[in-house]
Amino acid sequence: MHRLFPEKLVTVITSDVLEDQLVGRVRNRGASGYTVVRARGAGSSGEQSGMLDIDTNIKFHVIIPSERLSGLLDDLEQLINKGHHLTVFVSDVSVLGPEKYSESME
Amino acid sequence: MSALSNLLIPAVLFFALGFIARAIKSDLRVPPDLAKVLSIYLLMAIGLHGGYALGKADLAMAFNSVLWAIILGFALPLIGYALLLMTRKVDHMNSAAIAAHYGSVSAGTFLTAIAYLDNLNIGYESYPVIMLAVMESPAIIVGLLLASWSRQRLAVSANGGGTAIIQRGGMGNGQLGGLLHEAFTNGSVIILIGSMFIGAVASPASMEKLSPFVDDIFMGVLCLFLFEMGMEAARRIREFRKVGPVLLVFGIVMPLIGGAIGLLVGGLVLDMSVGGTLLVGVLGASASYIAVPPAMRLAVPEANPSFYLTLSLGITFPFNVIIGIPLYHALAERIVG
Amino acid sequence: MSALSNLLIPAVLFFALGFIARAIKSDLRVPPDLAKVLSIYLLMAIGLHGGYALGKADLAMAFNSVLWAIILGFALPLIGYALLLMTRKVDHMNSAAIAAHYGSVSAGTFLTAIAYLDNLNIGYESYPVIMLAVMESPAIIVGLLLASWSRQRLAVSANGGGTAIIQRGGMGNGQLGGLLHEAFTNGSVIILIGSMFIGAVASPASMEKLSPFVDDIFMGVLCLFLFEMGMEAARRIREFRKVGPVLLVFGIVMPLIGGAIGLLVGGLVLDMSVGGTLLVGVLGASASYIAVPPAMRLAVPEANPSFYLTLSLGITFPFNVIIGIPLYHALAERIVG
Amino acid sequence: MHRLFPEKLVTVITSDVLEDQLVGRVRNRGASGYTVVRARGAGSSGEQSGMLDIDTNIKFHVIIPSERLSGLLDDLEQLINKGHHLTVFVSDVSVLGPEKYSESME
Amino acid sequence: MHRLFPEKLVTVITSDVLEDQLVGRVRNRGASGYTVVRARGAGSSGEQSGMLDIDTNIKFHVIIPSERLSGLLDDLEQLINKGHHLTVFVSDVSVLGPEKYSESME
Amino acid sequence: MSALSNLLIPAVLFFALGFIARAIKSDLRVPPDLAKVLSIYLLMAIGLHGGYALGKADLAMAFNSVLWAIILGFALPLIGYALLLMTRKVDHMNSAAIAAHYGSVSAGTFLTAIAYLDNLNIGYESYPVIMLAVMESPAIIVGLLLASWSRQRLAVSANGGGTAIIQRGGMGNGQLGGLLHEAFTNGSVIILIGSMFIGAVASPASMEKLSPFVDDIFMGVLCLFLFEMGMEAARRIREFRKVGPVLLVFGIVMPLIGGAIGLLVGGLVLDMSVGGTLLVGVLGASASYIAVPPAMRLAVPEANPSFYLTLSLGITFPFNVIIGIPLYHALAERIVG
């Protein structure tokens, strides 16, 4: 049987202008990497059609060891408190090769 | 008469076509990156063009235009901010964010005005292009300053403004610097200034080789661009309910004020021809929907994006393209003639 | 001879190149939005072109062409539907969805035919362009009617057709209206009609300015477009196993029938020149892979998309481009000459 | 420790021609928003290469309070019963700021 | 109440040059389909900006019956052992219409 | 002097502009697919152009060029591999993957050289274009052979090379075949060869019709392409810390070696004009960042992509564009004159 190990997957959906800030924060929190997918959508801040640079969303994923999760969530809450529009959710996933996610990006 | 002629310009007609397509809920889907690519092309083309002309232009005059572009970029947002607060219907942070858009300019409107002038065979100076490039940055800066200033006042009024401290803290540690950095390294500013520089230094022979791409197909690409922008404008105007009558009126009054000021600066201060004056008027009248919105999202997260996007893209942009330009043209003729 | 010349047209050669690239499983990847952008450009260019010509054309004749385009759009799907049911191998819903595609047209095939005529320096009327724009809508409508009609018959045959009630209910409450709406506000129809209107009203001077974009680079863009469509055709033809021999034959016989009818309409009814007749023949022969498939997905979900996509894009399209056009040309010469 | 709240994330993968219908349904069901990501893929209805308007998929996400979930699933089942090809799955996620997801789009 | 059935969702994030290999493997393992989303990101193999053909990622999703999961994970581990950079995780999802996922792609 | 003139070519200036934009961390975002579309266009244009010329060229000479292109494609990676191992700082697998890139070519560098020659009105033969098309494949093959050879040696050294067996097994069952297949059906090879064929067989009249798209706007599109490539180069050069001084030096020395060999082949063996010689020199000097990296990712997964990408795109590419081309030009004049 396979050795699958539990990890936390944090997903953030927000405007792509926040991408650099999100990348910076996950770096500081010692994530081993991140993945960004382009998205559109709608919510309390209106429609994000993705047609122009001014209304494109990103779906930002990071798998992070649970001990580092809380710090990252602090950062995200801080952004939300400043007024930024973030949709944040955490999922339980089982990964192959967990050691991969404990080495932070050089 | 000029109003009529305006409506026979393919560029304007394509804007209308896109607007109608969305208004009647056509399933027409345009690839999400088309507008981005086209605007990069348009900025590059207009930059090369303007730079080439500037290469032969009067430096003192160029400097003068830059100076007045900066003045406009700082003054217009202040006027807009004051107006919005006077309405007592818009809070400080939204007022700051919205006002910043009107200090900057809309390349799409500017290019439509150029198409309009070309169509009437009216000449124009090259200085407005450099003003176009210059005006993004001051507007962003004023927006940031107005916002952080309002933030402090709010923090004071709210006794023990914990959040406000966070904010200023946030602003303090490098964020403000980062945003000033963005104001000056903004993508469209870079393309425009860079292309102008290249257009100014490149040999006439090499510019010759670029001409088919930069000049010949320009008007066609502009039509395609405005076609899509018409769709985006129609998409945004739907949300005008959200912004309410007050902002709706502002979205039409502010360009008239900015346009008038721009026309005076162009015609009397920089005394340009009718064509150049119209273009400066358009710089004053138009509101940015490329450089400023992302900056405001980052720096003024408290403001609601659907307010400033609906205003600049859904209301002021179509107003300028359809009604504003011929109107400013008529005024320009009065002022200059 | 004309067949040979056909194979020396860059546009056709690029189609073949794309087809081969996919057939030999090249890792060549084309950005997903390229084809979409190019087809917007092509529709815009051909629309402006046709509109400009129509502006000077005979209105009665134009009206006549529109009338016959509608007749073709309604008649061809009915023929296709009857043929498919006669095979007893295709169910009602799939027959309806497939048939609708053959009432509509393939802009790519039409443009290849234009490249073919240009290459042989054969002139053609501007009316077929307006027929191209008109033929999308009726085909979609017939498809919907055939489908909901079949749906009812199925519901009746299945005693107590609970689902059928849902279906009709679904159709009843606005959905049918929505689909008719789509038939007329379809994206490609909007661009084509809109551009034709603009081409018709715009001043010759302003059209002049668009010419480098709309005319000069047209053939090159078409080559790039057909290159990618060749890849897509090859991707689809792989699935021909799924569709089976019956549909395979239909994908070749139906264009011959539609082409013959189109040629007769073009040459005898509308008595156009050889060039115009060939184009009307192509309108009859070609099957839509832009407007109709999404409409059928929405309105006839019971039908299997890989059937109608494989037929229109994988079989009929390459057949028309490689074999059909020169064949229709030969026939057109018989009919007209 | 962080206050993370359980929510349901509904994901629908289907042809992009159904986007408007999906948006309409989640609106009616009182979702606070939605997110759309462009996708390609393959399944029983063949390959969706994403190269043409006729064969592009979307991955449609909506976080919806569990009490509204059942109604939304009814809508999706109705689409499937009509013959549409939908890949639908529900995941358990933990969100920051749950109040966000109970306000429906105005 | 709705009949939702548990399934396994396998997600693979890697360079898009591996797409064909992933598709081949899930076909062999009898998946009913797959979904691909384009992505960018960063990790131990550096940044994948998605700007050029040479540095674009994909996010590859497959819902697969749990009995076929182990075989698929073997394939993915084999790719990783060869040196390929794969981010692999498995999530528990509840699907509508589970029969759909047991028919393999013809 | 030629160095100076180099820096006044718009194409090079736009490369610099893009590089600077990224270096100063501008928020400028270019749609992800733009570079892909532009390189498809550029390959198609240069292919048609070259094919048209080759149609009238000397076949023996063409054959000769192809032969030498293959020789270069095989020889350069071997030289690079040896050099890298000699440093004792790079392991076998990375050496193999990196070396392969230098056997292949960079279309962007090649096109910049053409812009450079056009700007100085220096003529050039059409043979280098066909060499460009030919050189991708051998480089990939050598890379694969070097890699699997190293893999076996590693397996032997590591007693009981279990993994090695897997590897060879992997290679055995069709994978190597698959990779050879990729070497020859590589996307850019297909477009280039295909377009050359089309350019060679198409009638002059039809090529005439393509000229506005293929020739006239070419230089402008190239500027836009190099603008983006400048951004990508700057993005990659940031990672030069990772690659370390040794690889950094290799990224500058290897193009000098490859360039020298290419110049000798072009000037003395194929005795071309100064222009043609420069182009062959550029073929030798430049490193692929289109065809080879994906092949290496697939075939040599043990190698670290950020090594070969940083080298070819972040170091060798800008070096060739800014310094290399004028340098090779000077040398070409010595060799030929």
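Here are a few things to note about the model shown:
Every chain is named by a letter (A, B, C, D, E and F) in the order it is written, and numbering of its residues begins at 1.
The definition used in the following text is that a contact is a pair of C-beta atoms (placed from the backbone, for glycine too) under 8 Å apart; a residue touches a chain by one contact, two chains touch by 3 or more.
Owing to the predicted nature of the structure, the values given are computational and were not obtained by experimental measurement.
In summary, the chains found to touch both chain C and chain E are D, F.
Number of steps on the shortest path from chain E to chain F, with steps defined by chain touch: 1.
Of all chains, the one whose CA centroid is most distant from that of chain F is D. Of all chains, the one whose CA centroid is most distant from that of chain C is A. Counting the residue numbers used at the interface between chain A and chain E, under half appear in both copies, so the two copies meet with largely different residues. Each chain gets a centre from the mean of its Cα atoms; for chain B and chain F, those two points are 41 Å apart.
Rounded to a whole number, the gap between the C-alpha centres of chain B and chain E is 45 angstrom.
Looking at chain A, residues 37-38, 40, 53, 91-92 sit in touch with two or more other chains. Each of the following residues of chain C touches two or more other chains: 29-30, 32-33, 36, 212, 216-217, 242, 294. On the chain A side of its complex with chain B, the touching residues are 15, 17-18, 40, 45-47, 49-56, 78-79, 81-85. Taken together, the chain A residues at the contact with chain D in this complex read 11, 13, 37-44, 57, 59, 70, 73-74, 76-77, 80, 86-92. Listing the residues of chain A that touch chain E in their complex gives 1-2, 4, 7, 9, 23, 32-38, 61, 63, 91-97, 100, 103, 105. Chain F makes touch with chain C in their complex at residues 33, 36-37, 40-41, 44, 48, 181-182, 185-188, 190-191, 194-195, 197-198, 201-203, 205-207, 209-210, 212-214, 216-217, 294.
By the touch criterion given at the top, residues 8-10, 13-14, 17, 20-21, 24-34, 118-119, 212, 216-217, 219-221, 223-224, 227 of chain C touch chain F in their complex.
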